[in-house]
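In the two complexes below, chain A is the common chain; its partner is chain B in one and chain C in the other.
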Partner chain A sequence: MNYLLHVAAVVIIYAILAEGSNFVSGHCGQISLCSAAFFALGGYSTAILTRDLSLSWLTALLVSQVAVIALACALSQALFRAPKSQFTMLSLLLNATVYYALASPGGLARGALGLHGIPPARFGSFAVVTPGRQLLMVLLLYAAVQYVVRAVSRAPLARVLHAIREDEAFASSAGKAVIAQKSRAFALMASLSVLAGSLYVPYASYVDPSLATLGESVLILTMMILGGAGSLRGPLVGAAVLVTLPEVLGFVGIPTASAANIRQILYGLALVGCMLWRPQGLIGEYAFGREARPK
Partner chain B sequence: MAGWLLHGVLTGVDLCAIALGFYLLMRVCRVMNFSYGGVIVLAPYVCSALCDVVPPFIAVAGAVCSSAALALILEATVFRSLRRRNAHPVVSLVASLGLFVVIQALLQMVWGPARQSLGGPTPPGFTVGGLHLSFASLTARAFCLLAILGLHLLLVSTRVGSRLRALSCDWDLAQSLGIRSGRLLLICSAIAASLGALGAMSVSLQFGYAPHTGQDLLFLVFPAVILGGRTFIGVACSSIGLQVLRVAGQRFMPRHIVELILFFLVLVALLLPVRCLRRMRTS
Partner chain C sequence: MTPLMATRSLCKRFSGVVALSDFSCTVEKREILGLMGPNGAGKTTLFNVVAGLLAPDSGSVDFRGQGTAGCPAHRIANQGIARTFQRLRLIRRITVLDNILLCFKNQPGEKLLNVFFRPRLCKRHEAANLDRALELLNEAGLSEKADDPADDLSYGQQKLLSLLCCLAADADLLLLDEPVAGIAPEMAERVLTMVADLPNHGKSAIVIEHDTDALKGIAHRLIFMDAGRKVCEGTPNAVLSDPRVIEAYLE
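Here is the complex of A and B:
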């Protein structure tokens, strides 16, 4: 039972990450590969604030949110001045830079060793220690995230983002502040990634630089695209499929040594197959715009 | 100082070859092709396997051919299919990311995750300014340089080159002038993969290689491609220049600080209206 609760909690944490990625890559049409960097930053800041400074989980979450959103806003001013294709490269560079910074020996992050012994979240005398309580907390926060995501998808911001995705020059000529709107989407992505990091770290009780690898960013993007870019339920479906897939492979009896590689191959093939035959994802409706190309 | 400057320039030549291959795919095929990272890292593995049975030069040729063949297969199967479906560049980008993940995992399954070395631990050579230069790595760099010059000559003075340039400037116009894009894109993919494979093997001679080497190499060449923008010379100069800066920086501070500084330099370059950069980026 505890195992199922664990899998459900991980699915929801990844669904929050995929929801964040959906703002930039799905609604805005800019493929971002730096979700994992913000995920790791959220995790590390929560770990340091709760473990070393003995702050409460909620205070740590708020401090992490403010710091990372400020960083995301500052970075996005430069990142979104680059053309779309270069934005992807820059987001990947950002991810790599954060990874190198976290993996370097010494310092607060303690390099590849990571940080251990992170205390569980506490709300007064209520400690979130059992798998049931952890899942309940994750579910409550996911419900809040869904509420925000639905509110944003009905707000003018979503319509402007869709206009930018379809025709940036047209949106700009219609008087929309393209970079400012994209920055908002980027800040939302950073905020949700930090929330996911802050949820994950007390749950796992340790954090290491593997949270910020390129593979992790690709996984988050795959979840978003496989579920359906720009859709409301797509990220949850994508996360459910891709998180449960390795668990199913475990039951099939594939040797542990090759299970990770087979999982990567399946992720990769899922991405390629999705792009070839179903670019709108499993339950999505939007397929990235089509361009005239020679046969 | 001569030692690290030489080291920066020589490794810059390797990265220049890799960056120009990526640039060629971006400009002509209009795909930001992440699978390129996986394709080029196949070469050191194949070269190492072939070195046991054939002379080194034939092994290098075989490795380059293997990378080119893989690039041709990917172009003919995945990217051509996507183009036939009028796929958006974002779709091609995501597909290339998927291919990259698959290639990397396959390399890891076949050869293992450990870093391997190409050539012996202390290959014969000589020392300049405290820097040991092996004959093998110098030969590899010479090949890289020749390949870069060859590509430049191909682009500026041959019919295939002018067609490739036409495709990179205006795809539709090139099509309407009777240029057969399908075959040219195959040629372009093969050239890019061969150039990148030479660069990857040259880097591997010095630093070794592992399945994730392709990803590390892409991280190293992205700033050069962003700063170099849309010109061959721009990409070539920024590859070598950034590598010299990287090597110089690593003498005084840890690698992650250098990468952080370089990343912020790239961001500042995007923000500041530096005229020469803008000209390079938009010409």
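Here is the complex of A and C:
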């Protein structure tokens, strides 16, 4: 039972990450490979603020959010001023920079050792220690994330992001500030990724640089595309499939050593299959690489 | 009185090819200026420079007496210049209605903080824009297409829609790149009527068009350009009877 609760909580944390990725890679159509960097930054800042500075989880979350949103806004000026095609590579560079900064020995982050003994979140006398409570907390925040995602998807803002995805010259001729709007999407992605980090770290009680690997960023992007870029429930579906896949492989009785390889093969097959037969993802409607062309 | 828009000695070259050479022109308020010339004369380049999509090598553009040099395209658009594209640009995968809604200016719902902290304001603006968009579609006879993807429209209907987008933007100066070229006569008639009506709403337009009859019917003044230069300028009748123009069009 506890095991199922654990899997459910991890699915939802990844769904939050995939929702974030959806704003930049889905709605804006700019493939981003730096979700994991913000995931890790959220995790480390929550770890340091709650463990070393004894702040409450909520305070730590707010401080991390403000700091990372400011960072994201500053970075997006550079990221989106470059030609559109370079964005993916720049986001990759950002991810690698954060990873190596966290993994280098010593300093606040303690290098590859990571940080251990991170206290669970507490709300007054209510400590989030049992798997049931952890899942409850994750679910409540996921509901808040869904509220944000829905509000943005229904607002004129989403229309502008889609216009930018389809045709930047048209969008700017229609008076839309392309860079500013992309920055908003990027800040949303950073904010949701940080939230996921803040949820994950007290839950796992430790954090290490593996949170910021390129593999994580690719996994998050894959979840988003597999579920359906630009759709509302796509990220949850994608996260559910890709998080439970290795668990299912474990049940089937494939030894752990080869399970990791088989998992990679299945990811690859899933992605290729997606591109061939369902470019819009499992439940999405936006097809990558199938842009409408003038007749 | 200062003209609504003036270009002064614009020059633009593309790796040796002259697109604009010492090109000056003005557009008054409530005036429709026709722009004609052979392919490659620099007409579309002029639009791109005025709209801020291209920076001129030299020369300047004034809009309402203010220079627009260095202004990004979206800011120029927000000052009141709207354009259509010759190779039509619309957001093809969204609906006709959404294309028009996109083009309204100063929408509070496009800002993240407003979405969460001023939802009422956003809703009110969106509702008003929706009314106006439906009214525009109705006037243009496109209401039954409102919920179709823009890609499903005929070529003529797409040209009409891009004109509606400029009207939704409520721009004072419309840059129309071949608004009736290649479309059915009755659709062309509809577009031309709407363009001719612009001055009655205090708007001006520059219209690029090869169809001389169409231009004669709507333009107050014509400019004929070739190789980036202004060849002649004047009333439609004067320009169309100019020997240089006749020669160029007979070739």
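The definition used in the following text is that the second predicted complex is superposed on the first by the 289 of 295 C-alpha atoms of A that agree within 3 Å, B and C clash if a C-alpha of one lies under 4 Å from a C-alpha of the other, contacts with A are read in each partner's own complex, and residues count from 1 in each chain.
FYI, a contact is a pair of C-beta atoms (placed from the backbone, for glycine too) under 8 Å apart; a residue touches a chain by one contact, two chains touch by 3 or more.
Keep in mind that this is a model prediction, so the values were computed, not measured.
Chemist: Quick check for you: in the superposed arrangement, does A:188 touch first (chain B), second (chain C), both or neither?
Modeler: second
Chemist: For A:167, select first, second, both or neither according to whether it touches chain B, chain C, the two together, or no partner.
Modeler: So A:167 only meets chain C here.
Chemist: Looking at the overlay, does A:215 come into contact with chain B only (first), chain C only (second), both, or neither?
Modeler: The answer is first: A:215 touches chain B but not chain C.
Chemist: Which chain, chain B or chain C, ends up touching more residues of chain A in the combined arrangement?
Modeler: B
Chemist: According to the stated criteria, A:156 is in contact with first (chain B), second (chain C), both, or neither; which is it?
Modeler: second
Chemist: For A:175, using the defined touch cut-off, is the partner it touches chain B, chain C, both, or neither? Pick first, second, both or neither.
Modeler: second
Chemist: Scan A:269 for contacts with chain B and chain C and give back first, second, both or neither.
Modeler: Only chain B; A:269 stays clear of chain C.
Chemist: Return first, second, both or neither, reflecting whether A:53 touches chain B, chain C, both chains, or no partner chain.
Modeler: neither
Chemist: Where on chain A do the contacts from chain B and from chain C line up?
Modeler: 292, 294-295
Chemist: Which residues of chain B touch chain A in the complex?
Modeler: 26, 32, 78, 81-95, 97-102, 104-106, 108-109, 171-172, 175, 181, 215, 218-219, 222-223, 225-226, 254-256, 259-260, 263, 266-268, 270-271
Chemist: Note which residues of chain A are touching chain C in the complex, please.
Modeler: 148, 151-152, 155-157, 159-160, 162-163, 166-167, 169-178, 181, 184, 187-188, 286, 292, 294-295
Chemist: Once bound in the complex, which stretches of chain C touch chain A?
Modeler: 51, 53, 72-75, 77-78, 82-83, 85, 87-94, 98, 101-103, 105, 107, 109-112, 115-116, 119, 122, 126, 151, 155, 165, 169
Chemist: Under the definition above, what is the set of chain A residues touching chain B in their complex?
Modeler: That would be residues 29, 31, 33, 75, 77-79, 81-82, 84-86, 88-90, 92-94, 96-97, 100-101, 103-104, 214-215, 218, 221-222, 225, 258, 261-262, 264-265, 267-272, 274-276, 279, 287-295 of chain A.
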